[in-house]
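Next up, some structures in structure tokens.
Next come two complexes, and both contain chain A; in the first it sits with chain B, in the second with chain C.
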Partner chain A sequence: MPSKVERWKDETYGMEVRDHLLRFAEDGWDAIPEDEHDAWFERFKWWGLYHQRKGQESYFMMRIGTPMGRMTPEQLRTVGEVAREYATGPVENPEFGEAYADFTTRQSIQLHWIKVEDIPDIWDELESAGLSTIQACGDSWRNIVGSPVAGRDADELIDVWPIVQELHETFKGNDLYTNLPRKWKVAMTGDRRGSGQGDINDLAFEPAIKELDGEEVEGFNVNVGGGLARKEPRFARDIDVFCRPENATDVAAGLSALFRDYGDREDRFNARIKFLVDEWGPEKVRSVLQEEYVDYELPTAGEDLRDEYDYNAGRADAAGDYIGVHDQSDGRNFVGLSVLVGRMAAEDVIDLADLAEAYGSEMIGLTQRQNVIVGDIADEDLDSFLAEPLLSEHSPDPHPFMRGSIACTGTEYCSLSIVETKNRMVRYGRWLRDNVPVPEGVEDFHIHLSGCTASCAQPQIADISLRGMKTRKDGDAVEAFDVGLGGGLGENPQFADWVKMRVPADEVPGYIANLLETYERERAGPEESFRDFVADRDEDDLADLAEGEETSYEDPYLGNTKMTWYPYAEDDDMNASPAPTDGHGEPLPSDD
Partner chain B sequence: MADRVMKVNAFTTFDLLDASVEGHGFEEEALATFNVRTAREAVTLELELDNTALEHVPPHADRVTLSAAEARTLATELQNAADRADGD
Partner chain C sequence: MTTAVHQLDDGAWVSVNDSREVNVSDLWRLARHDFCPCRLADFLAEGFVEVAPDGADVDARVAGQCIQCGASGVTDWLTLGRVDPETGAFRPVVPESTHVPGRRSRLAAPP
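On to the complex of A and B.
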């Protein structure tokens, strides 16, 4: 029997949901029938809207999908202006102020506190700048990830930007692929860095070279069925297919149609294509693709470039991100700026757009490490660009602990999370910076903090993985983290080993300090990366590397933030929530 | 060591319970997660003790499936037991 969500999708889904959203915007929040909330909120996701959590009724998170995180400065300015005008709630965030934009691990943008009444105006502004919220969430083609500097990067095999644009145009708003059994995440990598992180996507194109008809052809190997959530993380499996760049759209169409037709629509926990690959094996995926979905003979896989990958690869000899100044193929430079936990104040977003434009940049990029890149800076302008005051806040040369931090949305807005995340990660980063010596040779240290087992901060592929839990301390329930170590991608991708359960949140900085002290003391030498250090030890050794410890770090969110209506409100009691509110933010009368 | 078997999020019924496991010749205590969910017209109860605290059993979750009628019987039993516990 099809799942409940499948039945809702059968009634209405895809493009037509837009008309319903426009109707609800016109009639107001109250027009969404209360007994149909779950169904409508599921459908709204297709248009990039998630209803926020309990206590924040009538407010939505809006996601804008930017293929490979790539925008023009003008588009970035529009994002900042929309955030400033519409993404403001009843209470300010104590770290980030009134309005801000979140840059996500899949190179999209998330805005919060969006009211349904404002959606038409927001769409007008975004769409007039060439931006869209279409299929940013929901069961369809999500935002395609890859290197934002494709075509500019001096370190690439293939410029994938034209191909990604074609995929984006083909599969967004396409009735054939509107309603898939579950989300469909695609990565396309053309560089030698491995920056698409294809291994954790449903469909991954990775750069490869293949001899065909006596000629060396540059193209892609095709991997299928990666993903992180819950206890079932998978790396995408090699289906032994080489794909010429001109065939990428056909192969992508074939595989997403295969998923559409054969994916599990009865059990959403078993719906992602990774489970179909488990069941079938990569050989059958290949043969069904060949026999039923493509009309040319698929070549076998070519030689990949994985031994060159350094993106989030945990290597001691290369930083695994885009931070800093890098050469472009045209002789200019792109500059990667650190955005702590991916959140940037709306005013800074606008200022960055202005700055980029003033320096002649035509490209802004969001990275999967929640940072931002400004492209096209000429050599002669580089010193003055790097001296701009905004770059002291969002630095191209950040402290290693600030550089490697990622956090998901957390209990601030998310219905799933059980702990506070972004503000806590900011506080962790600052405390570590101020109190913990950086082991010699370490440039970036990746701490990924996720609020629950949904893994939105990709905790399994970090040096230190933190995943929200609860524990008891001095008789009280407090927020805590399970701790994993040694995950990362690169040539030999590895998921983290989970080594500790329920470390109280206020003892995590002490745990990290103790862990790094042990690492510095026991490692073979500065050339042994943290990831290699972890890989060399067995389970028991890893559990004994360090213990949690109270330090001077203070955690203002130790209590049960899930039970508040907003963790940073002066009166955070659920009953003190002003939600739901009307289109002007005024509380609506209760039915009680 | 092994990852958790059960997912844990804000919809999990309990993310912090005291639990124990007893066998022949051993008894161990651990914190646990416990969840009630519905799937395919049945009610499922899931329990997982933190595997880091256990030596005698491998990492796992236990699951029991109830019909709607059985779930109501359990709910009544729990209600009565809670009333008795309150009265103690």
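On to the complex of A and C.
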């Protein structure tokens, strides 16, 4: 029997949801029938709107999908202006202020505290700048990820930007692929860095070379069924298919149609294609694709470039991100700036857009490490660009602990999270920077903090993985983390080993300090990366590497932040919430 | 009065009559259970796997783990609260008090 969500989608889904949203916007929050809330909130996701958690009723997270994280400075400015005008709630965030934008691990943008009444004006502003919230959430083609500097990167095999644009145009707003059993995440990589992180996507195009008809052809190997959520992590499986660039749309159409037709619509927990690949095996995926969905003979896989991959690979000989100054193929430079936990104040977003434009940049890129790239900086302008005051806040040369930190949304807004995340990671980063010596040779150390098993901060593929938990401390329930070590992508992708469970949140910085001390003392030398150090040890050794410890670090969010209506409100009791509110943010009368 | 119950957003919360009522992240004390060896499990709710009305009660099977022993899995049916038959208002149980998971007295769906 189809799930309830499937029944709601059968009634109304996809493009037509927009008209309903416009109607609700016109009439206000109360116009959404109370006994249809669940169905409508599920449908709104297709248009990038996610109802915020309990205590924040009537407020939405809005996600803007930017293919490969790529924007013009003008588009970035629009994002900042929309954030400044509309993404403000009843209470400021103590670290980030009143209005901000979140850059996500899938190269999208998230704004919070959006009111349904404001949606038409926001869409007008975004769409007039060529931005959209279409299919940013929900059961369909999500934002396509890949390197924002495709076509500019001096270190690439294929410029995938035209292909990604074609995929985006083909599969956004396309009735055939509107309603899939679950989300459909696609990565396309054309560089030699592996920056698309295809291994953790439903469908991955990885750069490859294949001899076809006596000619060496540059294209892609196709992998299917990766994903990290729900303690069921999978790397995308090799289905032994090589794809020419001109066939990418056909192969993508075939695989997403296969998922549409064969994916599980009865059990949403079993719906992602990773479970279908588990059940069928990659050989059957290939044969069904060939027999039912593609009308040309699929070549077998070509020679990949995985041994060159360094993006988030935990290598000692290469940084695993885009931070710093890099060569462009046209002789100019792109500059990667660190955005701690991916959150940037709206004013900084606008300033960055102005700065990029002033230096002649035509490309801003959001990365899967929640950072931002400014492209097209000429050699002669580089020194003055690097000296800009904004770059002291969002640095191209950040401290290693600030550089490598990623965090998901957490209990600030998210229903699923167990713990507070972004503000805590900011505090962890600062404390580590000020108190923990960086092991010699380490420039780029990845700490991924995720509030729950949904794994939005990609916790399984980091040097240190933190996953939200609870424990008891002196009898009281406190927020805590399971700790994993040694994950990463690259030539041989590896999920973290979960070595320490339920470490109280206030003891995590002490744990990391102790761990790094052990690493520096016991490693073979600076050439042994942290990931290799972990890989060389068995489970018992890893558990014994370090213990959690209270330190000078103070954690203001140790209690149950999920019990609050907003963790940073002066009166954070659920009953003190002003929500739901009207279009002006004024509390609506309660029925009780 | 018919009670509409859903688990939504990947099992993040339980909706009763289109109102968000029960969240993940609470700790539940479980007694007389077979979830783990602990006499009194200290169970962290991480996701609602299945939810169904049972008369006026709202029951769920919940994924999570015991933070005493670390065992993880899915509980038997737990009563999350009760719907007032007169008003339709949901009265949640207190997770920190002791609960006994058990089999449901009715089927979650017609046979």
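The rule we apply is simple: the second predicted complex is superposed on the first by the 592 of 592 C-alpha atoms of A that agree within 3 Å, B and C clash if a C-alpha of one lies under 4 Å from a C-alpha of the other, contacts with A are read in each partner's own complex, and residues count from 1 in each chain.
One rule holds in what follows: a contact is a pair of C-beta atoms (placed from the backbone, for glycine too) under 8 Å apart; a residue touches a chain by one contact, two chains touch by 3 or more.
Source: prediction; values computed, not measured.
After alignment on the shared chain A, the placement of chain B and chain C results in a clash. Of the two partner chains placed by superposition, only chain B is touched by A:Glu539; chain C is not. Once the two complexes are overlaid on the shared chain, A:Glu42 sits against chain C while remaining clear of chain B.
By the document's definition of touching, neither partner reaches A:Arg7: not chain B, not chain C. Applying the stated contact rule after C-alpha superposition, one finds that A:Arg23 touches neither chain B nor chain C. Contacts of A:Val499 after superposition on the shared chain: chain B is touched, whereas chain C is not.
In the superposition on chain A, A:Glu34 contacts chain C only, with no contact to chain B. Common to the chain B and chain C contact sets on chain A are residues 1, 53, 229-231, 411, 414-418, 452-454, 469-472, 477, 501-502, 562. Contact residues on chain C toward chain A in their complex (touch as defined above): 4, 6, 8-13, 15, 17-20, 23-27, 42, 44, 46-47, 49, 67, 70, 72, 109.
Every residue of chain B that touches chain A in the complex is listed here, in rising order: 1-12, 15-16, 31, 39-40, 50-53.
Within the complex formed with chain B, the residues of chain A that make contact are 1, 53, 229-231, 267, 411, 414-418, 452-454, 468-472, 477, 482, 497-502, 539, 543, 562.
In the complex of the two chains, the chain A residues touching chain C come out as 1, 4-5, 34-38, 41-42, 53-54, 57, 229-231, 268-269, 411, 414-419, 452-454, 469-472, 477, 480, 501-502, 560, 562.
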